[in-house]
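As written, the chain order gives the labels A, B, C and D, with residue 1 at the start of each chain.
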């Protein structure tokens, strides 16, 4: 394992330290317990928006703290959800009296830890609502799983909920629009290589030189099945089809298309996948009216990509287009 | 070799196709010959700013086409400079009558091909000036080399020259400020892994599991020397010291610190390096007044990073802060 | 002879040692069907528990539940992931049911039942879903039988540990339907669930320290 | 017997074949001390040259220089990198000095001198800097000697090719001071310069086709 780190056990804290210095105008990094808040503090009258989860997915979530998106982010250890004692101060620091929405990716650990923190915050008299992101169509949402996972679609939920909060929506309304994004967003990912968790020191799974994993999550877990490596067009089809089918996209609909890198794949390849994905959607007479291509919800240095599609309407387009001013998303 | 590509020979064109679709509001991608121009065409009265070079360094250069930075970019084949017949139309399309500055990284191929194109453009009566970026301190600038290479410092040159052009400077003035950036910017890089050029199919060099290359360029060429893998602090010192020494930074000076990823290194590690680099500069009583951390001048999927330092003054800070609106740099 | 606060503290410290030894094994199990952090998570948590016990001194702890409460709050705030809140709740509920100076055989059963109830109330898993419940549920059953048969606390814990170990082994062929491993579907079969293994380790540490403390010899 | 436009076209087509065969070898040489694209660069260029020759038909080409001019402009616009403008200029200058129907032995020398002069005027490299100049310069010298000794064009080209091959071999121990390989400093020693190797291939193709065309047998 070769990583630009000092003590692997301190990797998250060291990285956050650098992040805080590089973006001191945007964020304040707290180390005990670890959480990240907006440098400017809560905006009076605005609903606070908080998210968090295991580290290793950078720029998610801390990279999205700032005007028009998150008020606070709570990183856990690598691939491990944060604890309630980290989440609680993030919620408290984001509350200006208008209440706080927590955006939680659907993993048992994240759900349990956020649940506890939200209970504690509510016990203190704070108004807190929660929304669960579960966009990964690789996992069936059935009795036989912990439910679909939250993956790259989280960016869309955080952006749009943040924009709704910024325009002054009430907690109920921010939660409602976030729920609407959750209902309309689906993702599917592929890994070309595994990733290596710093304190583990070995790849999270073993993959042959000519094999890829389809339906991976963002925690280095293996995917749903392993297939031989093929051209980008074929791989992209295996990502787009289940997403579009699950959303039951109809001709004439318009969507946001997000091609997300897993961390180790060059931007140039992500644009190849984007081009193919767009063709496939256009074959279905679906219009791609908004796009995002880059590394937003990563899995350390994993090579691979995911395709996320969000069904859009006028309101969601307006909220997506609204100004955002964070380390990783800016317009 | 596993890459999200179809035909490796078409990788550059396929990727540009996706790029053009994703950013149709910003750029127009031309395929015959290959070059990228601003969607809105040249700005009347504004000096045009054009850059280019081999592909494989994305988002450089096409990702920097837009308001406040480049008017056109010319990508060659992977790691191969573009040809004069590509560069010439890019220059022509960027000229509004106020002349054009070409920003060229110092490689024999880029220099020769841009030279020819500039001669052809001048023969047509266009006013064209050129600036050569050579920030890589890994290479000695001596009789015994082709001179220092242009690497990540190119981003600073393009951003600042673009801002000077946007505020209405004359061609001479834009060229002069670009030269000033070139004189004040230095970089040094490290590779943890090699990269694989698509049509080659094998890593560009062979590196042991515990070795790293110090002083690498951005074309997968081996570095100046190979050392055992060590902690980020040690590696960062080997990047910062030669850069700061070569610039002869004095206590009290202020700088831009750019920690650039080579493409395959997670953002979290870049922030670790950034934090260490900043400490080292502060030990020299140098103030980091501007920062940039991310993958800007990459080498395909190489793991590694480079540290770039630019000596700042009021004017350069103002130009750095000026609005920029491109696919990869936005504020 | 009952188990007291000294036993509880020895149990917890022994657990921290055993988890440290098994860190690699647990990580490897979690790497196979999860995300490879279970060993690190519990190690971080139990090291923090030991530090907390060290720094606060033993004076103010008089009941078994006092020690278990330190474990509960520390795991809750240091582990994260799925196992943090689950073990945290398990120790919390167990602490509440062992607010006494001595725990006898049937007291051990009450403690274990409370722990299991804590896990299932938070995690909603049933037996057969390939989770720590598959170690804890048989442990409670075996402990109940041993207590009913009149065994002493060390014997009851030994029965629980053995059943938990067997339960962990028995997770190997199962297809997970809870937790991260459920994402793998059929591919989760053929690997032991890491949480069931760590549960067995914790119970084995309880049994071994009970034996040390009470001086009972193995049957 | 002199070399005419038919020879020139055969030479260029033969070169395209030889470069296609040597693509991997050139790429590997460039991977060692450069950026691994030299094989691909020249292959792309000469395939484009052949396509250009095919599409335009041979009717309008009457002089040796006409063919070389197609090579020059095509390499210039299709190769890029360092070798594109260098070989482009070499063929351009050679084309200008071979604007005739037949080239004899001393005409071959003139052609080669012009090519070398094109490379050095653009690239500023001298002998010993580990570049294609280390193949081309000895080639010109050997060609001059052969021509002075009264050899026919095929003989002159054979001498040039042999000298270029030896020159390429002789780049192995050199430390590069021009081009990308110069970035490696001392580490560039121990590898053959890819451009010197491709120069030797191009000249060997010229000699072989000259022999085919003129029917001269090897000495």
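We take it that a contact is a pair of C-beta atoms (placed from the backbone, for glycine too) under 8 Å apart; a residue touches a chain by one contact, two chains touch by 3 or more.
Source: prediction; values computed, not measured.
Looking at subunit B and subunit C, the chains that touch each of them are A. Set against the C-alpha centre of subunit B, every other chain centre is closer than that of C. Rounded to a whole number, the gap between the C-alpha centres of subunit A and subunit C is 33 angstrom.
Spacing of subunit A relative to subunit D, judged by their CA centroids, is 55 angstrom. Centre-to-centre separation between subunit A and subunit B, using Cα means, comes to 29 Å.
Across the assembly, subunit A contributes no residue in contact with two or more other chains. Chain contact topology: the protein chains form an open path, each linked only to its neighbours in the line. The set of touching chain pairs reads A-B, A-C, B-D, using the touch definition from the header.
Residues 2-7, 11-12, 14-19, 21-23, 55-56, 58-59, 63, 192-193, 209-210, 212, 229, 231-233, 235-236, 263-276, 278, 288, 291, 293, 295, 298, 300-301, 303, 305, 330-331 of subunit B are the ones touching subunit A in the complex. For subunit A in complex with subunit C, the residues that touch the partner chain are 33, 54, 76-85, 107-109, 112-113, 115-116, 138-139, 143-146, 149, 197, 199-200, 202, 204-205, 217, 219-222, 224. Of all residues in subunit D, those touching subunit B in their complex are 27, 31, 33-37, 40-41, 44, 76-86, 122-123, 175, 177-180, 182-185, 187.
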